[in-house]
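Two complexes follow with chain A in common, the first pairing it with chain B and the second with chain C.
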Partner chain A sequence: MEARRRDRFDRRQTATAEKTLRRVRALTHCPQALTPFLDTLSRVFVDRQDVVHPKGVPTVGTYCVMVPPELIYAQGAMPVKLCGGSYTAFAVGDDTAPRDACPLVKAVMGFEDIDAMPAYQNCALMAVPVTCDCKKKLAGWLQERRPTSILHVPANRDRDADMERFTRELYAFSDSLAEITGVPLTSENLSMAFHRLAEAQTQLSRFIDLRRKHPTLIRGAFAMAAMNAMSYTWAPSWTKQLARLNDELEGLARAGTMAVKGNQPRLLLTGSPVIFPNFKLPLLIEEMGGLLAADETCMGERGLYDPPAIVDPSLNGMMRALANRATRPCTCPTFADNRRRLYRVRQMIEDYRIQGVVYHVLRGCLVYDYEYAAMEAEMERLGIPIIRVETDYNEEDVEQLRIRIEAFIELIKYGGNDR
Partner chain B sequence: MNSRMKQGFLAGLLAAALALLAWFAANVPFYTWEDPLVRASLTTVQDGEPLAFSYSDDAITLHSGEGATVYALTEAGLVEIADGETDSLPENCLGTLAAVKPVYSADTDGDGVTESVMDIARTDMAFTYDYEHTVHPISDDRVPFEVMYPRRGQFLFSLNGEALANVEITAVLSDGRAVSCTTDESGASTALSINDVRGGVTFVYRPDETRTFRLYYQIEDNTVFSLRWLKAVMPFTLILLIALVCIVLDVLARKAVYKKRGLSEARARVFQPSAVKRRSRFGFEFVRWGAMIASFAGLIWGGRLLGTAFSKVDLPVLACPYNLDQLTSAGCYWFSHITELLERPPSYLLWLAGSFIAFALLFGRMLCGFVCPLGFLQDVAHEARVALRIEGVAFNEKLYAVLRFVKWVMLVLFLGISLIGGSFCDFCPAAALTPALAGFKTSLYFSGFMMIAVIVSGFFKQRCFCNICPMGYLLGLPHKASLARLKKDTVACTECGACYEACPMGIKSIFTVREGKNERAIDVTTTDCIFCGECIRKCPEDGALYMTLAGVKLCSASREAFMREQTGIINRKRDKNG
Partner chain C sequence: MMEHLEMEARGALEQVMSLQETPSEAKWFLNCLYRGFSPKLLSREKPELLLLGEDIPWELTRAAGAHTRVILGGSLETTHWSDALLPRDADPISRSACGWLMNPHFNLTENALVLTALTSDSRRKLTGLMRDSGINILAVDLPPMWDRLQWQEAWVDGMVRVIRAIEAHTDKTVTRGALAAAIGQHEQVRVGIAAFRRASWIAGNALSPALRQLILESFWFAPNTDEWLMRLNRLIAVLRETARRHAKPAEARPRVLIAGSPVIFPNEKLPLLLESAGLALVDTVDSVSAQLEMPAPKLPRFGGVTGLLLQMAECRLPRDASGAWTVNHGLLDGLKRKLDAQRVDGVVYHVLKGQIELDFELPRVEALCERYGVPVFRLETDYQQQDVEQLRIRMEAFAEMLRQQNLEGMRIAL
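After this line comes the complex of A and B, so read on.
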């Protein structure tokens, strides 16, 4: 029984991942330097192997961008972002989690239940920031099965006390890391990790600058694949891969070879996380003649966007910088006050010359759904069309989504919006 | 009355009470210079040079004193020193020495008429000594022609006890240059600068064709970097040493506390090594440090370098007016001594008000970030800590609120203490810095302890004293009209709080403010902003924060520059897994 279940899971999971990758590859103007990113996704989701990392380095599963990768690298481990996007795992998790729980959490529980993904199973420690109700229950559920470190996330971040509390949370997390890896946190190894991630961020900044070029050099679906691959790649390797992609894009820019024609409607994807292989929306946008010019999602660009600012280079100073970076600039709607997300989207609309916004809501992802109203009002003020798309982790709604996305793109194309 | 007002009222009362208490602490001496005059010895040599005094440490030499009568001015009046030789000056000596030669006849000006010539030499030792530079008039028939030096850049002339009004006196400087000094109604002339006096100056006065008075004048001077200067700097050295001991004790105490609290060993370590080196980037930082170093030198030795050309400018920063060598005057003295200010002539009031308003409007607290020597000292302490990789003290709202309260106490003291007969200078830490480094022996009272606090706190927290500085606060008050502005593009801002974290003044609004008229350029300048540029340096968003002076962009946040600084110079070998 159990074996058959696993077998079925294997087949389906592999099939979905393969199909998504095929669709990504089928898009036009795929840069050659994108291959290593797609290979990483293929390795983890199709071949179902563990992530590539140096020998003897344990992996730590993180369930949110609020877990600072610097800390994990500093103490001799590798972070792997485990937020799940698998339809198959979601179906398995559906039996465990309540009906209204979000599909992301269901997918994670499914992976955990079925025990078939080495990238998940080999994690020596789980780090779960309590960002929403589902994550909180997930943390409790994981705790019974795995060594788990729970990080308390403040509800607001304007008060210094909140930030200081999150710094203490990070120290506590560092202690659990030390138990796993045997490497205590020191100012030296933390600064080294800072440097490692800063190099990745330098390349990301370069990448973002290239993405802002008009007409566009790279499709958003490719960019999201590259960002998703980061979750399963050893940071220095990812930096090198991204540097190569940047080089190629720079070459394309010099040669004047743009990925798409200038007149395609430029869309911004924001809202609930878009996690491989749940690439429904980016793929639909690109396939229906739109251009995913930018994304404001935490498995996308935002995952590494904000750099920590070291004011005091001592250990505590760096920990404060991490806590600051993890909470204050974060546009996650889990925070009570989140006006900054509207400003962030506005800035992106300007930087990327966005013509329309696709607002992604995963079913049950209440916090993102809550913010739709404010976003809609803001977009109305700016005269930018916005569409709210609620999806679940299955393929049943694809056709209906296709029609809606197509109509939205047509609206921008012919709707008299001549931005 | 709502609770907020009540709280403010109570805080004000408490501040006033504390200020009153502080008044009693004012006279706690830190270091007082005592009896510096009897130490000196006097010898007379015959070397063919003109009649003059010269100094070699504490040995005073009278040149060509043959036949001259040497007098020392004491509290009891003029005392003659027999033979012009003494191992120590008489007790109660006020530091003024005079040598008078018998009148002789000669034609000194070559007009063919023989005059009666009187050669006099005078020196004032008290010039570089202690708080008030008081003039000691000799007022004695034995020394009929008198030249007094009450303030740098001003001389008073008198003959037989009467001020010489509206006459012309020739001053021959040490380099042979002749300067004509015309006196005003009160017998004062402002034709000479402090540097002319330092080298010795000979005044020639001819009341009529048959009389000539020649007076050689010299002040006692502590040449910079000489032994005497080192002695004058001693109190400051003492302060540095005590501050150092305090810092070491603080660090050790913290280490013990961290250990006791069971924090990790790495955190409790005193020096925390880093694999990434700090990289400074050329630009705003360099300009700011350059300006600070230049102004530090200028506000300490500027008078020596450039004379008194700018002495009418009253710079409203905490440089000390007891340093008579600084390039400009320091307006702070008059704000803290309002009673004395009102006694000054109206023209002076205009100068002061004009200087203050001009500086406040043109630069505002940019002076704090770019010019103030006390700020420079704190920045050096801060950089030293960062270079040593010692953990700093991270401030939060509560600690800043405490500082704000202390600032009110300081302000009450600053503005009010002169009204009840005190002097803020007894508290002001700047009194311990600039006069000493310029070679002035200024006694330190509570200000010495304040200075220790300034250095220790500045070491652990960047620009800690600036948070409580009353002069800086006054300078920041008219910030709304000032040309220096800090602006924020609220759309580009991600509210990451790096600016607030970096701000030495704890200005929180810079990161929280969102609403404004033009949200692409909201003015986030506050009374506290010292324009140090740390917020812009730590801002990772392109153009989210920028500084303008009269509309010209001075510097702007840039992600590229930010990332360059963050990646630093790397020791690649250590990144084994990279």
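After this line comes the complex of A and C, so read on.
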């Protein structure tokens, strides 16, 4: 019975991931340098192999961008972002999680239950920041099954005391890391890790800069694939891959070869994270004649966008810098006051010359839903059309979404928004 | 519109009172509940402090001696008022609380400092909304677990902030003595409630379980805790006297416990459904009732207010059944204590739509009850009345099953 269940899972999981990758590859103007990113996703989700990492380096599963990768690299491990986007795992998790839990958490619980994904199963430690009710309960559920480090993320972040408390959470997490790797945290190894990630950030800045200057240079679905691949790639390798992609994009920009026509409506995706293989929305946008010019979700650039600001090079100073970087500029709706998300979206609209906003709400993701009203009011003020799309991890609503997205794109195309 | 609010409260009271004759000593409590919904009083009422939710110990505001109102939700009418402000899937408690504080009909927040703890997504986002609309609010963060000293300190730090904010807002100082006295009063309330439960059981049919539940809920609406306690003690005496003189044994109805989401006046749907299905509500295990069952901490001889708060943290946090925790040990331990202490035939696990953190606990609750051989019935609802008939059918089926089970048990015993 169990074997049949796993077999069914294997087939479906493979088929869904393959289909998504096929649809991504089928989009026109796919840069050659994107191949390693797609290969990474294929390796983890189609071939169901573990992530590639140096021998003897344990992997640590993280469930949010608020877990600083620098800390994990510093202590001799590799972070793997495990937030789930799999429809098949979601269906498995549906039996375990409450009906109204968000699909992301259901997918994670499904992966844990089915025990068939090496990238998940081989993690020596799980790190779960408590950012919403579902993650909070997921943390308790995981802790009963796996070594898990729970990080309390402050809901307010403007007081120094909150930062101090989060810094202490990071120290506690570092202790858990030391237990699995045997490597204590020192200022030297943390500094090395900062340098390692700084290189990735430099390449990411180059990538962002290229997209800002030429919003039609690369399709958003490709950019999202590259960002998603970061979750399962050893940082230095990802940096090299992104550098090659940047080189290719720079060449294309010089030659004036754009991925889409200049008059294609440029959309911004914000809201709940888009995690491979749930590329339903980016693919629909691109297939229906829009251009996903930017995304503000936490699986996009947000994960590495802000470098830590180190004013004190001591170990404690660097830890504070990590705590600050993880929380203060973050636009996650976990924070009680999240006006900076509006500022960030406004900035992105300017930078990428956005003509419409797609607001993604995963069913059950209440925190993003709460912020929709404020976002809608802001967009109305700016004269930018916005559409709220609520969806789940299944393909049943694809055709309805297609019609809505198509209509939205037409509205922008013929509605006279000529930003 | 405010008349609808009053009608909602009156309707709930009348339904409970229609079950059987209400002793005159119980009427004061019902009047307390009713006054909380009176349009005239609501328009006039300008509390200094508003406690949003049950997570901040009421002893802190009591120690300041300030006029305080507790907002727990419970009302369908206030839920309607917040429809445009909150997302569709927000839980009814948050919707109702939002309606109480942000509505065009009365303004409780005009002179008030709102105090709340960030225990759920809704609370967090609601705080942001209120702040944006100019409400003076202090929201303290609660850690997701309490078993690390660091997390207990975080709780204490949060409560110290609450006290400082109360002092700044009310110009009253919360001294160690005042806090110790409030803790003492809390202990009297806890002891009083336990005595009341015992007395109402031995008095048999003198009070219906739904009425008993209302009397307990009235604590949160009482303008004066001293008077509430005094009235409760008087009622206990009456019940004891009734039991001594002419107690009729309570009908042999299956004994049911409600766990999960709290039942908050005027949403008495669940106790009334139990009554109509012929089930006897023996007790409740939820975040609100758990607050009144917290044992008092030992008062340290030294250490000031912070010392007292540390003792409170040690004593309270393991019993706190709030949704704030990664695993709700407070709910599970509370349920276990009640299953150990009395005969329970079934557990109704009440989940208010959107309270996902309680739904996650269901497998643990089921596992616990299975060890006791007690069936669990998950009931999901909200503050609307549309589902009452469906729920009634389900509840009657559950009651029938419990009755059969009891009969079977008796046959085996014979």
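Operating definition for what follows: the second predicted complex is superposed on the first by the 417 of 419 C-alpha atoms of A that agree within 3 Å, B and C clash if a C-alpha of one lies under 4 Å from a C-alpha of the other, contacts with A are read in each partner's own complex, and residues count from 1 in each chain.
Just so we're on the same page, a contact is a pair of C-beta atoms (placed from the backbone, for glycine too) under 8 Å apart; a residue touches a chain by one contact, two chains touch by 3 or more.
Please read these numbers as outputs of a predicted model, since none were measured by experiment.
After superposition onto chain A, partners chain B and chain C are found to sit side by side with no clash.
Counting the residues of chain A touched by each of chain B and chain C gives the higher count for B. Looking at the shared chain after the overlay, A:T257 reaches neither chain B nor chain C.
In the superposition on chain A, A:Y370 contacts chain C only, with no contact to chain B.
Once the two complexes are laid on top of each other via chain A, the angle at chain A between chain B and chain C, using C-alpha centres, comes to 90°, given in steps of 10. By the touch criterion defined above, A:Q400 reaches neither chain B nor chain C.
In the superposed model, A:D312 lies in contact with chain B only, and not with chain C. Of the two partner chains placed around the shared chain by superposition, chain C is the only one that A:D162 touches, whereas chain B remains out of contact.
Superposition on chain A leaves chain B and chain C with their closest Cα atoms 6 Å from each other. In the superposition on the C-alpha atoms of chain A, the part of chain A touched by chain B in one complex and by chain C in the other spans residues 161.
Residue ranges of chain C in contact with chain A, taken from their complex: 85-90, 118, 120-122, 124-125, 127-129, 131-132, 139, 141, 143-145, 148, 150-151, 154, 157, 323-327, 353-354, 356-357, 359-360, 362.
By the touch criterion stated above, chain A contacts chain B in their complex at residues 54, 57, 157-161, 163-164, 171, 174-175, 184-189, 191-192, 194-196, 198-199, 201-202, 205, 234, 236, 306-317, 320-321, 324-325, 328-329, 331, 339-340, 343-344, 346-347, 350. Contacts from chain B toward chain A in the complex involve residues 263-267, 269, 272-276, 278, 386, 389-392, 394, 396-398, 490-498, 501-502, 511-512, 514, 534, 538-540, 559-560, 562-563, 566-568, 570, 574-575, 577-578. Considering their complex, residues 97-101, 130, 132-134, 136-137, 139-141, 143-144, 150, 152, 154-156, 161-162, 165, 168, 172, 333-338, 364, 366-367, 369-374 of chain A touch chain C.
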